[in-house]
Amino acid sequence: MSHTRKIAVVITARPSYSRVKTVLTAIKKHPELELQLIVAASALLDRYGSAVNYIEKDGFEIAAKVFNVLEGENLTAAAKTTGIGILELSTVFDNLRPDIVVTVADRFETMATAISASYMNIPLAHIQGGEVTGNIDEKVRHAITKLADYHFVASENAKQRVIQLGENANMVFNTGCPSIDIAQEVAKNDALTFNPYEKYGGVGSQPDLSNGYIVVMQHPVTNEYQDSRKHIEATLRAIQKINKPTLWFWPNVDAGADGTSTGIRSFREKYKMENVHFFKNMEGDDFLNLLHSSLCLIGNSSVGIRECAYLGVPTINIGSRQNRRDRGQNVVDVTYDEKEIIAAVDAILKKQERPKSNVYGGGDAGTKIAQLLKELPLQFHKTITY
Amino acid sequence: MSHTRKIAVVITARPSYSRVKTVLTAIKKHPELELQLIVAASALLDRYGSAVNYIEKDGFEIAAKVFNVLEGENLTAAAKTTGIGILELSTVFDNLRPDIVVTVADRFETMATAISASYMNIPLAHIQGGEVTGNIDEKVRHAITKLADYHFVASENAKQRVIQLGENANMVFNTGCPSIDIAQEVAKNDALTFNPYEKYGGVGSQPDLSNGYIVVMQHPVTNEYQDSRKHIEATLRAIQKINKPTLWFWPNVDAGADGTSTGIRSFREKYKMENVHFFKNMEGDDFLNLLHSSLCLIGNSSVGIRECAYLGVPTINIGSRQNRRDRGQNVVDVTYDEKEIIAAVDAILKKQERPKSNVYGGGDAGTKIAQLLKELPLQFHKTITY
Amino acid sequence: MSHTRKIAVVITARPSYSRVKTVLTAIKKHPELELQLIVAASALLDRYGSAVNYIEKDGFEIAAKVFNVLEGENLTAAAKTTGIGILELSTVFDNLRPDIVVTVADRFETMATAISASYMNIPLAHIQGGEVTGNIDEKVRHAITKLADYHFVASENAKQRVIQLGENANMVFNTGCPSIDIAQEVAKNDALTFNPYEKYGGVGSQPDLSNGYIVVMQHPVTNEYQDSRKHIEATLRAIQKINKPTLWFWPNVDAGADGTSTGIRSFREKYKMENVHFFKNMEGDDFLNLLHSSLCLIGNSSVGIRECAYLGVPTINIGSRQNRRDRGQNVVDVTYDEKEIIAAVDAILKKQERPKSNVYGGGDAGTKIAQLLKELPLQFHKTITY
Amino acid sequence: MSHTRKIAVVITARPSYSRVKTVLTAIKKHPELELQLIVAASALLDRYGSAVNYIEKDGFEIAAKVFNVLEGENLTAAAKTTGIGILELSTVFDNLRPDIVVTVADRFETMATAISASYMNIPLAHIQGGEVTGNIDEKVRHAITKLADYHFVASENAKQRVIQLGENANMVFNTGCPSIDIAQEVAKNDALTFNPYEKYGGVGSQPDLSNGYIVVMQHPVTNEYQDSRKHIEATLRAIQKINKPTLWFWPNVDAGADGTSTGIRSFREKYKMENVHFFKNMEGDDFLNLLHSSLCLIGNSSVGIRECAYLGVPTINIGSRQNRRDRGQNVVDVTYDEKEIIAAVDAILKKQERPKSNVYGGGDAGTKIAQLLKELPLQFHKTITY
């Protein structure tokens, strides 16, 4: 006889929500699964785009909210945020008693989800392990792999890497990345389907978008946070010189966020930046629609590597943040250098083609993952394979 | 020009202290290293043998104490203890500003040390990674390997395993286990050098030790904690029937500790156990001297696998706790079964030889590790090797 | 039109549960109130009698459990337990959104309830403020009065004191103590209604109770915790000499609990104590029935001052713990002195009368409080009256 | 023989530091006192003016830093910040072992200092108790009074109130407010002694200050945080219309800070505000010098009530934040109303006199308090006086 499984998913940031939205929908729809959605960390905070508002608007019921972001301009705050997360998520899990806990990707605070679940002998599923980026996220990502019982990875390379990390191959599944599920829907539309200024407000000029525009999204890089301001200034100067209509997205919370933010604010105080509009955030599908219709994406967001591969959006990837991630042909890598950025944009604007790739999946990750969450044996005991 | 490096070592339990005492001594003596000793978790608590008292008696200065053990009879407490540990160790590291943090082995709460240090970009050294035990400790141990920058392992197998986990081979060192350093000193003495009843008190009868005695040390096994009581009762009945002088050591803190403890207390209420004396704890070298002079060790302590290999003490290893750890010829494995335990003791008492092995090192781990802590490049940035 | 109010009550210890059980029942039964019962701290722990089991057996649904007791043999643990309590109760309140929070009495960790509620602008009701005891509990008790919006006190003296503390007299209600509600029920029965050995197990001898027996309940005193062991030993020696059938109750968690516990354990190791049986805990009404039929109560429990006043049970109150609490004629005060204790018992055994008093209420506190929780204006803003 | 007392002072915010700076100096200079300065909460954060930088610049050695501000747009964050504070300060006190802990005023997070110290049986001194303000701070302030052992109050009314709260009159001292000590020094200078734009940067226009200027400092009011934005907008519009050179100071951290901050940012986006310059913060004595030379102060800062009384600076006090505090003749109270503010400024500009008052002390609080900290009996045991 069948038993409904309770699946707790912990969302800690806006981009994580966008990434796994189709997984949440598939769990919610599955007749033998019950979704226990926990919203925590920067996903609850205004400064970082209040993912919680979108989650509620999308019709998901929230089982628990956990405020655990410790404020601070140094890395200590990231560690402490994780500690508070463990303390509180343990209580939440103890009260909700899920059958499986799902953690997403590799942000520092996702370690809290992984530790609480694994220490409490709750089977742990990890979405998006096995990737290589060459930064602090890697420590987190691979450590979570060693705590997790099921692995839902986004590419064949990632699958092989998780197996090589000593995980049981029967518990590693290349489902593709759920973010591609949304990209697949969005790709059906070639034009911009909404007016971004009207729908999302934001600040700054409102350049005309009808003849093409650039999108910028650049996060601070944890390991080099004192340089965050210098990094962002190279991009700011490049955008000023390129002088095309530009839509700029505010960075996520991270130790160092304030270096980046301060850089942007000061630059705006000094220069007018008539060609630039700033957004705090955007719903995932609108953002992909915006990218799909854009000339190119500039920055270091993983969306450029991942969804833009599927959509064929040219991406100028700055610095080390996405190092060694699998890439489609859409990506051009540059350093934190104004001139390199400008040259890369020039080259893109001259090209005709926008090649696409399925390297991160084909658009059915959500339903695949939900089905696995129903079928997999409930287990939390494992041993390294070598 | 040379610069003194500050080395923070976090000790969270009595056995961890015993294990790395020679490392602490070697760091303290090293002219270019400064020891920042942090004592936390069960190492501060009476119920678990107050390692802190031995640490102070041994002449080590304590830089900070952190009480972080959350009380509770379930696994939730283990998770929360770790969360509180992160919260507080982050503050301690932020105030002490060590050049390197050292974490020991694989107890659940050592993850707090690993996360605080790695998130704060402090180079992290891990002692005793790469081993295989088939229990929850493995999740912790291998996850810490993925967070650590330097690996000081205890055997060749462990070294190969850490490298296979994707760590840079240049940062993995088979130093041997520092616990063997103490065993080497102890092995110089063939007889018991102290009166355990006088020196350590304890409770119960005081059987005559001059014609041979058995030592028992059995911890609860985290993954199976509801069975803890049944497990300990098999051993209690076996010891009652064997009826040899027996010295029994109380278990460490762990979720489930109370199952084991209650089992022992109830059994003592019912039966007299005239042949058994109970100790809470013992200084590391006295304990090894006691083992060296004993007929055999019974239980599931790693000391049977590790130091007893070097010393050649016959060990009856019960249950899954030491599964897949490298073994010398001294070990006989049995299940939680009264008869198997009795049969194994009978067989040992008939044998003449006590074969020895260097599988866990040759007695110079402490100085090797101290020297590496001085020489290794200070770095916290790494990427998986495949 | 009427609106159902959500009333969150936080229970943190076995005696607090007993004390307010009739309040919980009255809230649960009230058609316009919804009970949100939160069980935390030592109320969840085996070592302290697992109040949670009684709560569930009594048919109350638990809205959230919060494990927050930090283990330790010093006062630091009490402070940290409170800190963790705030951190977690804030999340619980944020998720449950109660209209009023109720906190009980003056144990150190109840401050967590008071701070979380008052800082979150949730109206806070305090049961049992305004009393005087001359110990650390007083700091806690009066500080909570200054954080609380409604005061349900147990005596006229307490009421006057709360008003003198600057509280609005309209918000201070002498409801009597809810523990008297249970005493009133119990008083209907003159004989022992159950067999304590069969129903509650416990350890030690099982003396015959038919010719009268003594009850002992002695807690460590926070301010003098290093002396806990000495204090308990005076009582142990007295009980041994008096040599009457004695039922001894284990103390609650508190910094210093282990001093008391160790004292009892060691004494039992040394002496047989044939006249004494030890219990971990007992349901509130059984305990009162046991007291009602006893010769006298010895120790420092508030039950001797409070319920025993109503029931007329002679009480030998040891030491400073109940200093300056209102007393009925049933109480004899002694110091931590074996001889004084013995002399007081002798005097009691010679008396015929057992005078009763309503100083702590007449038995209808539960329903009075529930009704006030429904009727009082919802407010969290106040100012001192002078 | 004399023994040096260790005095731990916990500073949690910029204004608290300014307030007690002369106390810190007097402790540091006192031959029989050792200062243990702990910097925590918003005093460590950039967004709130990094008091820590001024503290270090002023030559104070910092014994420990504690990051404990939880980020969030709701009151839950204030509660949790306090919980984390207790958890960590307990560890700090346990390691530093102070003889007395000093806590300052009534910000929500100062409760953490008070609870840690009082629960750990460390004598607690409270600076600035007994005042009346009619807001949430009052709950905190009076609750701390009930936890504290020594009371250093700022006015005669405050002294009487603390005594009426049941405190031992021998432990209540009207030392005056230490902030007046600085005002006394500053008052020696009639002119502006520095160029604020050069020394403190800030953003916005740089109006000419030579013909008089207004100072604005307005904090959100905890109990009404959703209205914060509306409140600040009334002031913004008034300042725009008055159109005098204005120096505006950014508010402190508080639940609701973001309502105020957002209000200011949006207004600046819309209007040029050519007459206004914005500062994040300023060293205490420079700030008083600036006030001393200003036309008037507008807002709800306690500096207007307190230091400006001594200095005779006209103060337009907006809203409920300073309700019922003792006032000198320099204060005009208004509501959150543009017109009232404008009218009050007009009236002030027409007046000639600037009456002064010693209601908050005469300028020697620092040395008085240091001397008391040396002389008072060390005690943590107290009982209410009625």
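Which chain is which? They are A, B, C and D, in the order written, and residues in each are numbered from 1.
Note that in this section a residue touches a chain if its C-beta (ideal position, glycine included) is under 8 Å from a C-beta of that chain, and two chains touch if they have at least 3 such contacts.
Just so we're on the same page, UniProt names per chain: A, B, C, D = UDP-N-acetylglucosamine 2-epimerase (Hydrolyzing).
Predicted model only: the values in this text are computed from it and were never measured.
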Report back the single chain whose CA centre is most distant from the CA centre of chain A. C
Have a look at B-D versus C-D and report the one with more C-beta pairs in contact. C-D
Taking each chain's mean CA coordinate, chain C and chain D are separated, in whole Å, by 40
Roughly how far is chain B from chain D, going centre to centre by Cα mean, in whole Å? 51
Could you pull out the residues of chain A that touch at least 2 other chains? 67, 74, 76, 80, 84, 87-88, 90-91, 94
Interface with chain B, chain A side, in the complex: residues 74-76, 78-80, 82-88, 90-91, 93-94, 108, 111-112, 115-116, 118-121, 132-136, 138-139, 142-147, 161, 164-166, 223, 323-324, 380-384, 386
Which of the residues in chain A end up touching chain D in this complex? 44-47, 67-74, 76-77, 80, 84, 203, 258, 269
Chain C contact footprint on chain A (complex, rising order): 64-67, 84, 87-88, 90-92, 94-95
